[in-house]
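Here the structure comes first, spelled out in structure tokens, and everything after it is commentary.
First chain written, first letter: the chains are A, B, C, D and E, and each begins at residue 1.
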Amino acid sequence: AVQSTQKPQAEKKRLLRIGFSWPTYIDPAVGSDYSSSTAFTNLYDPLIFPGEKGVPKPWVAESWETSPDGLTWRLHIKQGIKFHSGDELKAEDVVFSFQRLLTIGKGYAYLFTPYIDSVTAVDDYTVKVTLKKPYGPFVAAMMRVYVLDKDVVMQHIKKPGPYGDNGDYGTDWLLTHDAGSGPYKVKEVVLEDHVYMTRFKDYWGPMTENAADEIHMLSLAQPATEKTLLTQKQLEISSQWLPEETIDALAKENYLKVAAFPGGDEFYIMMHTKKPPLDDIHVRKAIAYAVDYDTIVDQIFPGNPIAKGPVPSYLPGADPNLPTYYRDLDKAMEELQKSKYWPDIKNNPNKYAIDFHWIAEVPAEEKVAIMVAQNLQEIGLKVNVVKVPWLSVVEEMANISTSPHMVSVFVSAHYAEAGSLLESRYHSKSADTWEQNEWLLNETIDQMIEDALSTIDTNERYQEYAEIQRAIMELCPSIFLFDHMLKVVHQDYVKLPQDEGYYTGVMGYDFDGRLIEVLSTT
Amino acid sequence: MENEYILKIQNLKKYFETPYGTVRAVDNISLKVRKGTTMGLVGESGSGKSTTGHVVVGLFPPTSGKIFFKNKDISVPLEKRSKELKKDIQMVFQDPASSLNPKKIIRDIVGLPLKVHKMVQTKEELEEKVAKLLEMVELPPEDFMYRRPVDIGGGEKQAVSIARAIATNPSFVIFDEPTSALDVSIQAKIINSILNIQRKFRLTSLFITHDLSLMRNISSEVTIMYLGKVCEIAPTDVFFQKPLHPYTQMLLSSVPVLTKEEEELKPKGIKSIGEIGSPIHPPSGCRFHPRCPYAKEICKKKEPRLIEVEPGHFVACHLYAEK
Amino acid sequence: MDKDILLEVKNLHVGYKTHIGISHVLKGVHLTVHKGERIGVIGESGSGKTTTMKSILRILPSNGMIKEGEIFYQGENILEMKYEELLELRRKKISMIFQDPTSALNPLFKIGQLMLDIIKHSYNLEESEAKEMALKALRDAALPDPERVFDSYPFQLSGGMRQRVCIALALIGDRELIIADEPTTNLDVTIKAQVLNLLTKLVRERNVGWIFVSQALGAVRENVDRVYVMYAGNIIEWGPTEKVFSNPMHPYTQKLLECVPKLTGTEFSKGIRGRIPNYFNPPSGCRFHPRCDFVMDECKKTFPEPVEVETGHFVACNLYRRR
Amino acid sequence: MSRATILSEWWKTLELKKKWYNFSRSPLSLIGLIISLSTIILAIFAPWIAPYPEHAGFYTDFEHANLPPSWQHLFGTDEFGRDVLSRTIFGFRYSLMMAAVVLTLVVPAGVILGLIAGYYRERWIGKLIMRISDIFIAVPPLVLALSVCSLLTPSAFHAMMAVSLMWWPWYTRLLYNVTSSIKEEYFVYAAKVTGASSAHIMFKEIFPNAMGAVLTKITLDVGWVILLGASLSFVGLGAQPPTPDLGTMVSDGAKFLPDYWWISMFPALAISYIILGFNLLGDGIKDAFEG
Amino acid sequence: MFKYILVINVKSKIVRCVFKMRAIWKYVGKRVLYVIPTLIGLSIFIFILSRVLPGDPALMAAGPNAPKWVVEQIRHQLRLDKPLWEQYYYWLVDLFHGDLGYSIYTKRSVTVDVVEYLPASLQLIFLAALFEIGGALALGIISGRYAYKLPDNMVRVLAYIGISVPSFVWGLLFQLIFASLIPLFPSHGMYSYGTISPPRVTGFSLIDSLIAGQFDTFVDILWHMVLPAFALSLGAMAQDARIIRAGMVDTLQKDHVSLVRAYGIPERTIFSKYILKPSLVPAVTVMGMDIASLLGNAFMVEMIFQWPGFSRYGINVMLNKDINGIVAVVLVIGIIFAIANILVDVVVAYLDPRIGRRSA
């Protein structure tokens, strides 16, 4: 009884409590992961908003023009948007947000740093962006530019800090506060515990009628806890990493619903193409033919479609007609025998033992890792499975020599286009990031990607994307496991747009307080 | 003439630094031990008897003063002493319980000095020699050789200690109250074997005890100590006839006795009073003065020197200095 | 028998339960104390003296068990007393001075705390009256500066003072019987004499019954009226002090007296062979027989009945039964 | 001569008998012995005892995942379809191996340092050793082991190293205390006076007196090391999956509480079982040496 | 009149206490001096370890996609581009200014983190210590009182179980039983949802809630503490009960117990006074250390119960290789440990007059 003790509150509220994992950095120039991005969506307004299936929608940037060479962009800012401070959102705030993002360099800055030359305010409602080179998906990328209230931020800078005159650029304050214009504003942030947001009454944009009064993002580390909370109706939406077992158990309750929707990411096993024996394409192909894809999507991650190529099939620009790999042990053996390492492997599998790293934070990956190890054992390859914390994976992938043979990672598009993933996964410049363990370092591919990205015309660009995808399939640098479907369990009194098949496929826009209806008050 | 003395202690001081202050355990004492005799060292608890012994065998280097053994200066730390010397001076310790390593068998305990000084080569030789030594202290070797100290009684332990001490055939042995922890019936046995051994090996020894009656039966000369100082040195017979120092008299008068004859030996008219002082803050002047019935002003201020009252009879007391 | 008898221990059998088995320590101990009489109990270490004394007050350790026997205090059997009666006995009638003053005083409590606690439990007194009583006892025990002692922890006192404190405890109120279990064993020679003199003086002055347990034969001889000799849990000889010491009958007593070194320095005894038996499997019959020079067959079978050899002088030895 | 040998043997067996007697006096010690022996036997013969030894390695059978305890799977199966009982039995192996490795590293080092520190207590070398050992026990071992492990890449090997690093000071302390108290015993004096070397005194005179305490501590430490190891892997800084490490099994299985309680609860019981066994055994050994 | 006496009495007591305390303070001062080099050594050890072991904290701090110059900037900010001794020197300098460095995990000063999370842990440990002491005393005394009898044997078996079951197993078990199956207690966290934490004054939420007059919040927090505190305390409780028992059994044999018995002090007083106090002396040392060690076990328990405390923070910084965080966690725990050590010594010195005040 005491469990549900709550402070007697004056009025009943529509509460939306969502499970997340920490860290959650609510500063748009710092965070870039799932929970941070979800917080941005609710606390801030981006320049461009992803509509259904990720199609860009004008948002703070009401409209825009491009110069013919694609290097100069003029953004027209919507008038009458109010920040939580009550001030109006103006062009200088946009400029400030851009500059702050680029100066700090963390978060989503990487989407823009290679391209942006300068950002200036033409007048109160017009922003001019000059690019160093053409950037086809610039519009889609602007879904990651969240507009901050310049005055509020500047009031809270701490000096001295790493950013000269700007001190710490407000990073300390923004850890636990917001300076946004979004539909919700921060009520309380306790690091590692929760982010409480309350409805911003003066929000300018569209909201559903039954939008939540408060959104609580709760840090929940244990599925068992989540389960308890869900059954006791103390949690509206579960986190997205619940084990299948728990989801199954919860799905039996009639007051709970399971929502599954594309998360914009794909699950890969990245193979280090410069490390023996994986530097031999035949070994890579053998592995691609040995993996038991069906068991993965039937048993380990049920409900996820097998990947059809390097990008999720619903992503704009994905080619649905690629030739794919499938489990066929004979073919696998055949390929393996073609490899120059075969005699050695046959004699002593330990000589070319393959390190398979999986990410500790996603326990279900262990199942994949062990199953793949089992699969490869069948064709005579020896695998060492290693569990590695996420940040260590990031670190080891920064270096060609420390990168493991294989690593299984979920990678999502930064903006809703195939080009995003193609670039981050296979372009040489991303080889030293966690998004590419392949170390493909293939100039032809690099050139093709760059060409495609600087193509302003959408259709043309998509054509070029398709060609890149075909080339990559041929090189077989990765195992394409499945297009990831996010699965959450939620109370039946909560209506998610995803229940009706709506999705954006853009990370962080899944739980948008503007769209979620809460039909019960507590 | 000088060679007569096997051990000469000159102005020996041994202070210990402790968290509570400097303990003046032995404070400027001098004595000589004649070859082939037994010097008795008597004093109450804390008077510095054991410390004297420990310094002589080299466990602690002296704070100041000199010790000569066979005319050689041996007032150096143990590490600097020659193996020969270590072989020549041995000691039997006060507490039988702690004298023997409880984890070793008697053979190895007694055999250790033999091994260290390479007096035996093989195991058989060792067992043979150890057996002989054990027999010498009246312990049946077969019974004791393989036992551990926990399995034997206190008297037997002390016998083993004695066997160990004479293993290297030393010429000088210090017996530090070897029987104070034992029953009288056992004490008699141990003392007997000590006497036998002394006779057999022509041992010179320093026999430490607090029991005057025992001393009477063992030593040829007596040194009485009080709080780190020597009060009186005398041949045993002379001493019991005519104790000079008031403390010595008090000590003698305090001995409970069994017979009339003994009672007569006890000095009359002096009674034990007061407490033994602390070696950290010893009384000024004569250390005995707070308990002395004859104490005078001078006793509080000036430390009496050890003077020879009659040949071989020394006393440190102002009562006799004047005469 | 007669009204004069204060305490009578009859046929006391006490054992200790240990993990090795039962140790049969006392086997038929008997003891009589008359009003105002001073009794000595002598015996070597481990002969069961303390066990007997603790049995009288029923303060044996938890593994000790009285198997048989009676202990009458003025006609009342202590072993059958109810807890309240027992408390009364301990509070008003009998007091005990323990062997080792260091371990007998709880190191964490001030002397005053302990004394007040004891006094308040014994006599329903106000704090100030109780304190007065305690101070008086301390003063009686010849402690200089009783106020300071009262406010001291045991570790702040010297050994002699600690034992005096124990004596002071025993002197509280008007007890009729004081048991002193080796009250001076752990003290220095001169201090020993002081404490013993004090104790005997007090006992004489107050004319209380006194059991003086000791290994020091001389001290016993000098201070008691009658003496009991104990060996391995048996009383083997008893009688008036003078008679027992001048004319010991039991072979053990004879040997024991021989063993004590004399101030006069006569020929040294050889000691008693063997050692005190182990109590888990004690010798049958007379427990002294394995060490006795006059052992006969029957000694191994039955424990000899005591025989009165002179008036009041009894001995339990088969040698005399035959006669 | 032969008689002498017989005699010496006789005394030795008598001593052992006495120790055994003291040990077996308490039924708890016997239970401890049985438990410890059983875990050791299970650990050594795991491949033959475990009903599904292959489940300890790369094995998945998702069809049979999360089955509750039954006759086929006495402890049920885990989320991979692996037999929890088999993995638990193999878990003993890893736990005991951890303890064995750590203790073989730590005990000699700690003992030698402790002897030196105690023997040369007044000299700088003794003081230095003790001050260094102070550093490693200035925080609970778990905290320092966790931090060291976290700075290294997580693996069973690193966990063992980290635990060892935290553990030697306890032996150093133990030996230091024993040595400094025994150092003033007369038998040490006697050895010195005779002229025995410092090494002899340390190892032949003093060390045997610490044997009982060391042995007791080793036995008790088997339990503590296993506990520490399990804690490390519970946090995720220990042995790597699919190694059937008990701590990892508990923490991995904890996700499925309360529905599939057997996945974590049986390994948890197993940890407690093994620690209990060695605790009881250790106390028994203490009795044997002290009683 | 009566009052007057009382005043005098109290006064003299205080005077005596002060006198006693002065001796103890001197002793404490010595202990503190002794502990400082150890702590410095500890900090050097963990500091160096955190910098020399493989791993690039700057890269981790920058986040997955950050460009090189950001990484360099962070490296500079963390002084990782300087030689080791210089890094340590500046770290020490900062430490004296109360700055433990920048946390790459929480992205703020570690000092802020310590101030924020430590009280929650201390509060939890305080309750656990209460359980521990209370339980250990009760069990130990029962066991010692009825040594070798049935209650003693039961307690001993319980104690063995208590020692053998790891705290994280207790935690999971309690969560399973008392939070999930029989929901008597909350399963995690410090507050029930919807409870807004009281305004921060002391940092100790229990105290703050009282200051704010939110009594139901106070109860709520307490309610959340019961399971983790209990899980935390069990091992130490069992351990201490054993020590107390052993102390009592040991003391029972002592002559001074025979003495008070011989002088007619009733059994109850003997146990509650003359036996208990001496048995507590060794127990206090162990208990104190056990309480301090709770901080270590709290790592797992706070993780299981998601207690927003310092130990959970510790786990997080460790799992995220937050070097400054790790160094700070170790050091802070070292300091607490040292304080506990000294406190224990003071208590023991208070209980046992012989310690630290022996005069010649």
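Throughout what follows, a contact is a pair of C-beta atoms (placed from the backbone, for glycine too) under 8 Å apart; a residue touches a chain by one contact, two chains touch by 3 or more.
Remember, predicted model here, so these are calculated numbers, not experimental data.
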Larger contact count among A-E and C-E belongs to A-E
If you average the Cα atoms per chain, which one ends up farthest from subunit B? A
Once you find the CA centre of subunit B and the CA centre of subunit C, what distance in Å lies between them? 32
For subunit B versus subunit E, what separation do you get between their C-alpha means, in angstrom? 54
Subunit A and subunit C, separation of their C-alpha mean positions in angstrom: 90
So, what's the distance in Å between the C-alpha centres of subunit E and subunit D? 25
Give the residues of subunit C touching no fewer than two other chains, as numbers and ranges. none
If you look at subunit A, which of its residues touch at least two other chains? 222, 224, 389, 392
Can you list the subunit D residues in contact with two or more other chains? 153, 236, 254, 257-258
Subunit A contacts subunit D in the complex at 222-224, 227, 243, 245-246, 249, 295, 298-300, 360, 363, 366-367, 370-371, 373-374, 377, 383, 385-389, 392
Subunit C residues touching subunit E in their complex are 54, 57, 59, 61-62, 87-92, 95-96, 98-100, 103-109, 114, 117-118, 121-122, 153, 155-156, 166, 169
Enumerate the contact residues on subunit E facing subunit A in the complex. 55-56, 59-60, 62-67, 69-70, 73, 77, 105-108, 113, 116, 175-176, 179-180, 183, 185-189, 192-197, 214, 216-217, 219-220, 223, 303-304, 306, 308, 312-313, 316, 319-321
Interface residues, subunit A side, partner subunit E - complex: 2-7, 9, 15, 17, 22-23, 25, 30, 32, 104-110, 113, 162, 171-172, 175, 188, 190-193, 216, 218-222, 224-225, 228, 232, 234, 389, 391-392, 394-395, 398, 433-435, 522
Residue ranges of subunit D touching subunit E (in the complex, touch as defined): 28, 131-132, 134-135, 138-144, 146-153, 223, 227, 230-231, 234-237, 250-251, 254, 257-258, 261, 264-265, 268, 271-273, 275-276, 279-280
